[in-house]
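Listed next: structures, encoded as structure tokens.
Common to both upcoming complexes is chain A, partnered first by chain B, then by chain C.
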Partner chain A sequence: MTATDTLPIAPPQRRRAVDADRRQAGAGWLMSAPALALMLTILIAPVLLAVVLSFTDYALGNPGFNWVGLENYERIFTRPTYAKMLGATFTYVLTVVPLSVGLGLGAALLIQSLSRGAGVYKAIYFLPVMATLLAMTIVWQLMLHPSIGVVNRGLEWVCAQPALEGLFSLSFLGLAPESTWFGRVCSQGTPLWLGDRDYAIWVVCFIGIWQGFGFNMVLYLAGLTGVSRDLYAAAEMDGARSGWERFRLVTWPALGPTTVFVVTITCIRAFQAFDTVEALFSPGGGPGKSAYVMMFAIYEKGVTQNLVGLGAAITVLFLVFVMILTLIQRWFTERKVHYA
Partner chain B sequence: MATVTLRGIRKSFKETDVLRGVDLQVGDGEFVSLVGPSGCGKSTLLRIIAGLEGQSAGSVEIAGAAVDGLRAADRNLSMVFQSYALYPHLTVAENIAVPLRMRRLSTAQRLPLVGRFMPGTTARLREIEDRVQDAAGTLEIDRLLDRKPGQLSGGQRQRVALGRALVRSPAAFLLDEPLSNLDAKLRVHTRTEIAELHRRLDATFIYVTHDQVEAMTMSDRIAVMMGGEILQCDTPARIYEDPVDLRVAEFIGSPKINVLPAESDSAGRVSVMGRALPLQLEPGRRALSLGLRPEALTLTRRDPIFSGRVAHSENLGHEIYVQVTLDGGGHRVVLRADPALRAGLGLGAEAGLRFDPARAMLFDAEGRRLRGVVATAPAVREAWA
Partner chain C sequence: MTRFSPSLIIRHLILLIGAVVVLAPFLVMLSYSLKSPAEIERGTGGLFGAQEMMVDPKCALRSAPRRADVEAARDRFPGRDDGAILATLTEEANAACELRPVVFNYRSAFQDAPLMRYLLNGVIVTASIFLLQMVIALPAAYALSKLKFWGREAVFGLVLFCLLIPVHAIALPLYLGLARIGLTNTYAALVVPWIVSAFGIFLMRQFFMTVPDDLVDAARMDGMSEFAIVWRVMLPTAIPALMAFAIFSVVAHWNDYFWPRIVVTGDRSLFTPPLGLREFQAGADGNLYGPMMATATVIVVPLIAAFMLAQRRFIEGITLSGMK
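On to the complex of A and B.
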């Protein structure tokens, strides 16, 4: 065939190619339709629904609802209860995240330096992660009971030993007993822990760290196996004499990707703290709402008190925080962290 | 620059002896290769010299002073690793600067942000920058200084690793198989460059490799290691032409040396596969091995010592390696031939072989080289007629 022969039939050919393309695209959409439908109904739609509900005064069981505009959000940002909620949430996140990440890294480094017995330590530190938090919380509740709890009994026993009391209250340094925490415990009585608004949120934080750092440790241990032995040898040859210098030069940069992941996961888990607060405090939210964390507020407003609109507004706020975290993580992974 | 002396170095991991008494003297400015098959202990020996591993017995001296108690950072040595071991989060310039920063700056001066304001830091930093520029210039990597190792090719990374080693003037350079991650072409090129770098720096180099070609082409002396011992340490030419051990002869040279079973009778006359050779040893019956380099064998039609048939031939363009299966015994030998003879060397063609008795090497049953071999007939050099 020559070029002149093919010319007249070229346009239909092109049209046929376009048709085929369109048909293929149609088939593609058709095949991904089930997945798209599922994604829309179970992932996107609930989020959108929450956003819509946050502008209403809807309550479960009501036949209808009224649009209330930004009233729900206004409440969150003006009422003292929600100021306490944000305060407790950020206290929890800002305490639990750095400490459980730091302890996780420290434990991982120590375990990795062991030549034997590493498995035992791993199991011990990982135990709280595997245990049900709710059950563990009840155990902590008993231990922290003001009169029969083992913690306060221990404190009382130490106070009864003059030598130990002198040691822990630092009175051997010439300090007045009232000026140290331990001295006050001995003279004014042991703390109420869960019943005291000065202690409640810190107890929740402590349980959060105790429960969570083993998980971070396992992630860091996995990250440490990926650090090349040669890099440590190179650092030694280059004159990095102290363990700290080798950590700065080799370990910490190599753990960058792990750290970004660990911090993000820990942040999201910290924002989601709920079961400790729910189990520890019977009126809810702790003494004076001092441990009124966000997830608990969502549960209390949206489920217990059936204020769905308000609950949805807190949920949206929660999503915004998590979204910001995710964006920060992306920013870090893209420019700061080196993936070798 | 300095000498490096090893005396009776031993290393055992639990039951296994990795090094069994190694003695080595590396002169000032000398290029010594440690070569051997994998698992012979050469890398362990290098790590012991570096101080990255401790020896079980023996001593290491650098510039005449024992360094056994000193840790790697204090031995003033530089090392290039097989994996290059570049810090992935630092740029090329920062990577090269690390050994200087660690040694020239105090801990306080190295602090991020605040460090710059410590007294004297600016001057030191400028000096370090100059040294980095010099090193980069020497290796022609000036244009890569702002890149991260992840953005470099294997050859470029290798140069950066070299740059990091030579940026300060160490007592000696230790190189652990630096070329084995490069492709064949680049390896040949870099080989020349490292040899030239050695001449220019006039520094002491200890180079570990399993590749005998690298060892042969770059070194002043080669130490052939096997089973945790140095079998022979000599110039490349002597290692090739005058090996003291059958294992050395077999390891060095490509294609491998031909080894044929031989024996000597009570009068010391040597025969191979029933054929008497014009070689004379001390009297005494014993089993021997006859080693013949591929270029020692020649093709002949008149009065061949061996005859056989061509089993395989490899044409490399400038020469042909012909594998001949010998009649009676089925031993296969390799010889080097002129490509002009290709026509007569088809598969299955008959080939007669002879060799110059002076170029034959005899080894005893333990593989030790036998000296005192006397050629009883005048060596006849005969070309293919």
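On to the complex of A and C.
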């Protein structure tokens, strides 16, 4: 607008230009006002409210509240329940993120190397991303049913075939059947899966990976199309003959920006795991609270049990984790993980 | 170049094993939705079930012959004792309650719970969210990309900041706010937290930046108001981006379970499809696995079918957030 102001135009035109600028500014404010107001009330205010409530003992329905200082945070860091919560959350995140990123990259590389059938695999692997997670969790629950589930039926069937049992329990290598997982399943009975605290969190992780790796695959496939053919030719001239060398020297560095993004978004999604835990382990959070992830804790403490202060403190902790992740991502992106 | 090199076969083998694991739950869901309770219990019937006639247990219970029925039927069976008459009547009643397992499962899914209502709620909620998101995001995106006004950079900065806040994470304070103004257990509660999508504003703003200014200037010359420009000039150019965002939004909210779980408590007439299925699961006994899987199938299939029809658009839409 300054450009038009400084131009030597005749006064009436200039006035029209100023009017037009003013109209534009008015329209601009009018059009962004609803979005601005809603962002402030729906997104920013709740963050502030969570921070404030985390220092109180507020409960829904109470007329007032007391300030309790850091008591809620103190509880989170001293009570065993919350140690379990943090343990379950980080077990979940640290399992699901590397595996679903790794599987996504692996699937993308394999699919990209195919000339036929690539589209079919891509579509199949993407199906769980679209499907209602709650519904699919209930299906997995049925599949893992200790007596009538297809997983244990399958295991029992394999155990009944001496050749296959020998193969999977590695007893053909001379190992005692009891020393492998499969051997124990065959001799001591199939796992209870969801009812067993040694398995519960891993089943939740498995469902998370099953659901999410197709998303990462698609992002990696998009990233792979951006890797220049010339780089491979150049690497080959420099003596990178094997597939692994080409991957290490060209593909992996070129996928740097994609990887930073994929890891961040997978982390944030993993921190938000809720549907699986609620459908499988509500109330309580699984055998021995082994699957008591943060989102579920916020729901159970803050909403179901009306311990708002505690729920708010967990919310704040959660937001801090997300902020840290984003800062790490920014730092990586600013270092320009970009070679292509 | 051989067409079937060992490495190609190994690659296909790995991908096939992966595909089996990925597809297994979908097959189990579909297969169980077709089978009778007995087949599910015994693990027989293959993929589609034998589809032998079965007796609907609820119907049988409802029409089981009572004392009065036996008295009334004495004339039909002269000379037989009550026990035999009762047995014959029970047999007749059961025969009237026979049906194929697939019919039993899907009919129970719709009759035992108001599944139609849940689906309708799902449509109402996802459609309202998307429409409101657009009504709010499009003018804001236009203002942020094409209009010059004081504070524009600050507003855009706020949008970028809001991109970092996962709405699920702030569900507790949002819920408290809605509860204080008495909005829990309403459609509004299901829709309101989502109507301002920082991502939607950001995405459309980036798209509008690529629209030439000349187009906007020409429209102004024609005397169009700024609001008319948004809806009659910018919107039509943005259809592809809008479609992608629509898919992103609809998939996310059709499948969302966390937020509806929090704000809808008990009032079944407001249940979204995932809430309805969850209630089914909570009350399920062994007999109801078939109907439960039928419910799950009904909920999952619409999006899967749409995905099959427009794969590329769906993948673009859902991975939109990959373009941030």
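Heads up, the rule we're going with is that the second predicted complex is superposed on the first by the 296 of 340 C-alpha atoms of A that agree within 3 Å, B and C clash if a C-alpha of one lies under 4 Å from a C-alpha of the other, contacts with A are read in each partner's own complex, and residues count from 1 in each chain.
Just so it is clear, a residue touches a chain if its C-beta (ideal position, glycine included) is under 8 Å from a C-beta of that chain, and two chains touch if they have at least 3 such contacts.
No experiment lies behind these values; they were computed from the predicted model shown.
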Could you check whether chain B and chain C clash or fit when both are placed on chain A? fit
Most chain A residues touched (candidates chain B, chain C): C
Regarding the shared-chain residue A:Ala222, is it in contact with chain B (first), chain C (second), both, or neither? second
Would you check which partner chain A:Ile324 touches, where first means chain B only, second means chain C only, and both and neither mean what they say? neither
Look at A:Trp29 in the shared chain and tell me whether it touches chain B only, chain C only, both, or neither; answer first, second, both or neither. second
Does the superposition put A:Glu245 against chain B (first), chain C (second), both, or neither? first
Just checking: does A:Val18 make contact with chain B only, chain C only, both, or neither of them? Give me first, second, both or neither. neither
Would you check which partner chain A:Ala233 touches, where first means chain B only, second means chain C only, and both and neither mean what they say? first
Check the residue A:Leu175 against both partner chains and state whether it touches chain B (first), chain C (second), both, or neither. neither
Just checking: does A:Leu142 make contact with chain B only, chain C only, both, or neither of them? Give me first, second, both or neither. second
Can you report the least C-alpha distance between chain B and chain C in the superposed arrangement, rounded to whole Å? 10
Residues of chain A contacting chain B in one complex and chain C in the other: none
What residues of chain C sit close enough to touch chain A in their complex? 8, 11-12, 14-15, 18-19, 21-26, 28-29, 32, 40-41, 43, 136-137, 139-140, 142-144, 147-152, 155, 158-159, 162, 164-177, 179, 192-193, 195-196, 198, 201, 225-227, 230, 251, 254-255, 257-258, 261-262, 273-274, 277-278, 281, 289, 292-293, 296, 299-300, 303-304, 307-308, 311, 314-315, 318-319, 321-322, 324
State the interface residues of chain B toward chain A in the complex, per the touch definition above. 47, 50-52, 71-74, 77-79, 81-83, 85-90, 98-99, 102-103, 148-150, 164
State the interface residues of chain A toward chain B in the complex, per the touch definition above. 228, 230-231, 233-241, 245, 249-250, 253-254, 256, 338-340
Per the touch rule above, chain A residues touching chain C in the complex are 1, 21, 23-29, 31-32, 34-36, 38-40, 42-47, 49-50, 53, 60, 103, 107, 110-111, 113-114, 117, 119, 121-136, 138-143, 148, 150, 153, 210, 214-215, 218-219, 222, 261, 265, 268, 272, 274-275, 278-279, 295, 298-299, 302-303, 308, 311-312, 315, 318-319, 322-323, 326
